[in-house]
Amino acid sequence: MNFEYSNRSLELQAKLNAFIEEHIVPVEAAFYAFQQNPENLWKRWPKTEELKQKAKEAGLWNLFLPKEYGNLSPGLTNLEYAPLAEIMGKRIWISEIFNCSAPDTGNMEVLAKYGTEAQKQEWLQPLMNGDIRSAFLMTEPEVASSDATNIETSIVLDGDEYVINGRKWWSSGGMDSHCKVAIVMGKTNPEAHRHQQQSMILVPMNTPGLEIVRPLSVLGFYDSPEGHAEIQLNNVRVPKENLILGEGRGFEIAQGRLGPGRIHHCMRLVGMAQYALELMSQRTLERETFGKKFYEYSSIRQDIAQSQCEIEQARLLTLSAADKMDKQGNKEAKDLIAMIKIVAPNMALKVIDRAIQILGGKGVGPDTQLAHYYAIARMLRLADGPDEVHMYQLGKSLIRKYGKA
Amino acid sequence: MNFEYSNRSLELQAKLNAFIEEHIVPVEAAFYAFQQNPENLWKRWPKTEELKQKAKEAGLWNLFLPKEYGNLSPGLTNLEYAPLAEIMGKRIWISEIFNCSAPDTGNMEVLAKYGTEAQKQEWLQPLMNGDIRSAFLMTEPEVASSDATNIETSIVLDGDEYVINGRKWWSSGGMDSHCKVAIVMGKTNPEAHRHQQQSMILVPMNTPGLEIVRPLSVLGFYDSPEGHAEIQLNNVRVPKENLILGEGRGFEIAQGRLGPGRIHHCMRLVGMAQYALELMSQRTLERETFGKKFYEYSSIRQDIAQSQCEIEQARLLTLSAADKMDKQGNKEAKDLIAMIKIVAPNMALKVIDRAIQILGGKGVGPDTQLAHYYAIARMLRLADGPDEVHMYQLGKSLIRKYGKA
Amino acid sequence: MNFEYSNRSLELQAKLNAFIEEHIVPVEAAFYAFQQNPENLWKRWPKTEELKQKAKEAGLWNLFLPKEYGNLSPGLTNLEYAPLAEIMGKRIWISEIFNCSAPDTGNMEVLAKYGTEAQKQEWLQPLMNGDIRSAFLMTEPEVASSDATNIETSIVLDGDEYVINGRKWWSSGGMDSHCKVAIVMGKTNPEAHRHQQQSMILVPMNTPGLEIVRPLSVLGFYDSPEGHAEIQLNNVRVPKENLILGEGRGFEIAQGRLGPGRIHHCMRLVGMAQYALELMSQRTLERETFGKKFYEYSSIRQDIAQSQCEIEQARLLTLSAADKMDKQGNKEAKDLIAMIKIVAPNMALKVIDRAIQILGGKGVGPDTQLAHYYAIARMLRLADGPDEVHMYQLGKSLIRKYGKA
Amino acid sequence: MNFEYSNRSLELQAKLNAFIEEHIVPVEAAFYAFQQNPENLWKRWPKTEELKQKAKEAGLWNLFLPKEYGNLSPGLTNLEYAPLAEIMGKRIWISEIFNCSAPDTGNMEVLAKYGTEAQKQEWLQPLMNGDIRSAFLMTEPEVASSDATNIETSIVLDGDEYVINGRKWWSSGGMDSHCKVAIVMGKTNPEAHRHQQQSMILVPMNTPGLEIVRPLSVLGFYDSPEGHAEIQLNNVRVPKENLILGEGRGFEIAQGRLGPGRIHHCMRLVGMAQYALELMSQRTLERETFGKKFYEYSSIRQDIAQSQCEIEQARLLTLSAADKMDKQGNKEAKDLIAMIKIVAPNMALKVIDRAIQILGGKGVGPDTQLAHYYAIARMLRLADGPDEVHMYQLGKSLIRKYGKA
């Protein structure tokens, strides 16, 4: 056991923090003003590309992709990436600046892991370059998608093409004008065993028949410019070479994709909670009621102390899961990933909620990121599997482990 | 003790429900579509006035105003009004249809109770008619307004006019194009005892110097068309007759105003929670995961059972507080009002949160009112006094009561 | 709706309080000293019978039994009895003084409702007189008894006698030297429909074959002198006339028995929580840390305010359930009884836990009743059906009610 | 970062587990039977000394004492000791077998760190040998002892002796017949700065004037044979050489003593919670209600999954605090120790409570250690500083750290 960050990790943290101090802090107010203006809905912020270029030059680019995929990235371990993702989580919009934002990260890892050379050439390369963005089309409005075997979109081979029909929603990233390709999950083999019916396939966003129905708000937030789209697929035709890995492998890819994706979310959630903790700590020095400064109230100190206890525990659990993924692989780390996926969003919600309460009107309104982060954290109790599904599987696994004395 | 609604109450509930069935249900989808379209931000829905006219004709108008103010209203007791407000809470936008929406209700009660004849003529009458709307300007961005003695806006007599300077925010209703008048709280007597420094004054919204700075979002929602405004007051001049009740009486009016206002919110919150309970109950019959319908899962039944336990308790506490207000007055009911103000928003948040989780993507997104009600309930842990202030006062009062054995 | 106690109820409350002030308060320290001395384990306090006599003379006797059973009792409604049970709950040992203690109350009601004349003569009369006590033998160590159809004790007719074999535990009251009779639940008809297999039968405690195996502690408390017994039944033979109501009616009796029993527990739990609230309020005036009296700490005021909110809500829910039982019968009140059975023990645990924390060493130790009441409340999350079973049934019932919009 | 136990730690864990399997498991039923029999109150179990001897021979002795005190112990780091303490926590009574039980461990560390040679000779040696036991007399019934400066016992120099007067309670270990010495905290310098008034002094238990008033129960448990004593000190005279470290150094010693003591408790609490998790997991395979095995219920799986999440987080936080103590010292680790002291007892209470509920009557009663561990964990929300005091200090420290942006 050793609870200190490695030197490499500390160096990268310092470098990332310095970049933020130099390039992000001076412009972040401008970004938030742009983003909150209803007139800019679905527009990209003009300065984004410039900042991406600077990050790339600084070597702070594609940090998320583990070294097993060769020299496409700095090749960090999950454990090394975790504190960097946490730092990005404190200003979640900057994940894109470092080409580390969902759902692109998950999609890039899928392509890096399972893609053909042609698929890599066409889609992975521009994604790794930050030239385009992508979407992931899994969830459907008509079924409980938390059980992935429920997915009903059909993918039928017709000559040299697959024909796709179905309705998707919560397709994160789908509203972005830079979004050029989607990975779509659907059924190629409806008669196979329930874990072998699904496949994943690449669909360019401009394919005829793919229609964006509407953007969806999350607790009131549209998350522009990426957004969450509802998408209709009517006889969408793509070459059969667009299939990833093979027919009936969709469930397997989904499992592989979600491990790192889930833990990245958790790392960022720790960052969001840390942001909330710092904000509320600061507020206690500024405000006063009934003749006392906020920091004198024992109840406020309890809010802060409790928050730190919860944050630090979730941080350690995230790091521990990352370490296990690095050393024993995603499959062995399954239970730990489920644990952190249950813990982190709930932890963040509690901490952010306390910060909102201490900041009062400023907390519930648009002048901090608290309300937005609250919405993100709430979404993450559902996205990538609701708490209940993770607890159902984890409980089963634990009973198998401990149930025989 | 008798836990059944009176006949009069049951009749009014039936009448209100029938009105909703006949006039609201057929158009509510159209209303929500209008409201959610970003293009309609700050526009009023065209059908609103027509529905108000129908409600007036049906005698479902101004239900909130107690009988002590003569024949301005049907003259219901708080206890009789409670279940009606609960019904309105299930579709909170319809409160305006029955001229029962905040902050107008509180403002009308202030004018009915403390207004001069001229003030009543000019402002109470059109408000009671539903011809105009109003705002209440108390909270300020620069101080912890939960301690009302912190309010810093200055109101200075200058000849026959008061001159008002200050910054307000969370001025609910202030964005509505029908909003014609504001009640403003500020200091006329900065040297007096801290509970006698504040006054309330009527300010027409079109008075020079009153500038709407921006609308504020609540957890991402703008609550159009009423909205929550940030407002700058720069040398705003109004006739000295606009002062309500007298200099230094502002704190006293605030106390009187907030009792009924708080309990109305609580009644509506019970309705919102009930809406959430019904929605999640229905969902359990529709969805299925891992080979089981949702209603078969014991954890989902627990969510529903717990929700009902919490709703029913909060409902009884609300009714009990209303009954005490009716029989012994707002002052005697102070502790019970504090209790329900603490209980109801937290209860609603818990219940709505469970419903969001059970509905999944549909719950967190725009297709139900859950996300919006969540934001409203969250706001109400702060509005009209944060939980912490109510607990601080209630705790003190209870220690005085029970502390000597 | 009317949230004030009736005059009759207020009079009885005053009378009961006066009795306690005059006869109980002067001796309670002596009682607790006797009870806590390990040497007195399973001995009855010498003064008990004298106090029972006084209560009988004061007309404060058998208050629990509703009027439908004729002139065996004062004939109070459940709603009238509730505040009296709450008062007794504040000193739970005095329930016996007024012949209102479990499990006797439930057993008496069973006999009053379903007993033959001979059964009433032999057992109901001495129980109503307070001459003997009784036990209720339902729960078994070998099966999950929360599903009553699991009960496995066999009751087999052999000539004119029933022969009983089985193992029971948590037979409350079974350790008391005054305990003379048990109502035993077991299977007479193992082949019948699962709700018609069980019967109830009267078994004198001195019947050969009935052996007390050991007393069981509840979170460390033995609850002397009543206790909770583990009991072995080996070929226990009783006359066939001892069967109550008829073969296969046991489940039905259990359902009928548990309604009032559950609500009596809840009333007393409200009293225990109220006791805890008063104790912690007093403590805040006595103690000081870091230069501040306890009552000045906002966190302590929150504990007290929250406790009052929870107590008052549970009290109203209990009263509401009692009112529904009175007006519409136990069956119609089923959901409300389930709700209060879920709510009251959990509420009491939270409140008592806060009091323990505020009282510190005094709270966790033997110098108040807090630790004991904590154990009782914890037991009551299991006794008469665990929370989970009530939520499972209540959730099902609510889905049926609200699930079709 | 490295989340795997070191080889040395893994070896010791294996050795300890093997010892338990060989020597403890075969006799533990006998131990519990002895302990629960009221007739054995305050008697020591005859086999204890024999087991201690075996543990000593196996080198599993005095594991708690860090290496900085020379060759008195195996010299483990806190991080190495943690998993061993966790294993002992699963059967908490065996801590004594390995001479690792509170309050002796803390007392030994005080003597090792601050004792004179003579003090070490007389008291530390027999304690390290396991020949005697000890008590720690700090808490007082008349003041809020959570603020140590409140302690009022007086220690007055009179010639060559100190004369001690005061009342102590919660003197853990004080009832044990092997308890030969107490460390007593009291005021030598009532006029000094509040952190320099207190001293610590060694008092043989048989000193005239030291009277054991009574044993105190913790939530109903006496914790025989150690117990928790209330002790009267009337003109207790000891040689002035019995003072530890010097006059006015008591507060400083207390701070130093409590760091390791607190974390040892936390390690054991993790073990108790793990015991509860294993017990409830096993139970889910055995029991059945309403046609389903317990493990099929989603709510039960949630209980188990949540418990594991909480245990693993607390375990990591404990290890992280231990690591910081090892590397940077107790003072630098102050905030982390406060965090784990807040987290661990509350975590254990939640987990044990779920296990009690799932085990039902078996859980609340004497047939498992759950009820006892519940009482211990509850006590530890108060002992060594109540949650509220730790949060008050931790909150202050965090505001200082994060409060200036």
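Order of writing sets the labels: A, B, C and D. Residues in every chain begin at 1.
Rule of thumb we're sticking to: a residue touches a chain if its C-beta (ideal position, glycine included) is under 8 Å from a C-beta of that chain, and two chains touch if they have at least 3 such contacts.
Values in this document were obtained by computation on a predicted structure and should not be read as measured data.
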By label, the chains that touch subunit B as well as subunit C are A, D
The chain pair with the larger count of contacting C-beta pairs, comparing A-C against A-D, is A-D
The distance between the C-alpha centres of subunit A and subunit C, rounded to whole Å, is 52
Chain-centre distance (mean CA atoms) for subunit C and subunit D, in whole Å, is 37
Between the Cα centroids of subunit A and subunit D the separation in whole angstrom comes to 43
Where subunit B touches two or more other chains at once, the residues are 297-300, 302, 388, 392
Per the touch rule, the subunit B residues reaching subunit D in their complex are 297-300, 302
Within their complex, subunit D touches subunit C through residues 36, 38, 41, 139, 141, 143-147, 150, 169-170, 216-221, 228, 287-290, 294, 297, 299, 356-357, 360-366, 371-372, 374-375, 378-379, 381-382, 386-389, 392
Subunit B residues touching subunit C in their complex are 1-6, 9, 79, 277-278, 281-282, 284-285, 295, 298, 300-306, 308-309, 312-314, 316-317, 319-320, 323-324, 327, 335-336, 338-339, 342-343, 388, 390-392, 394-396, 398-399, 401-405
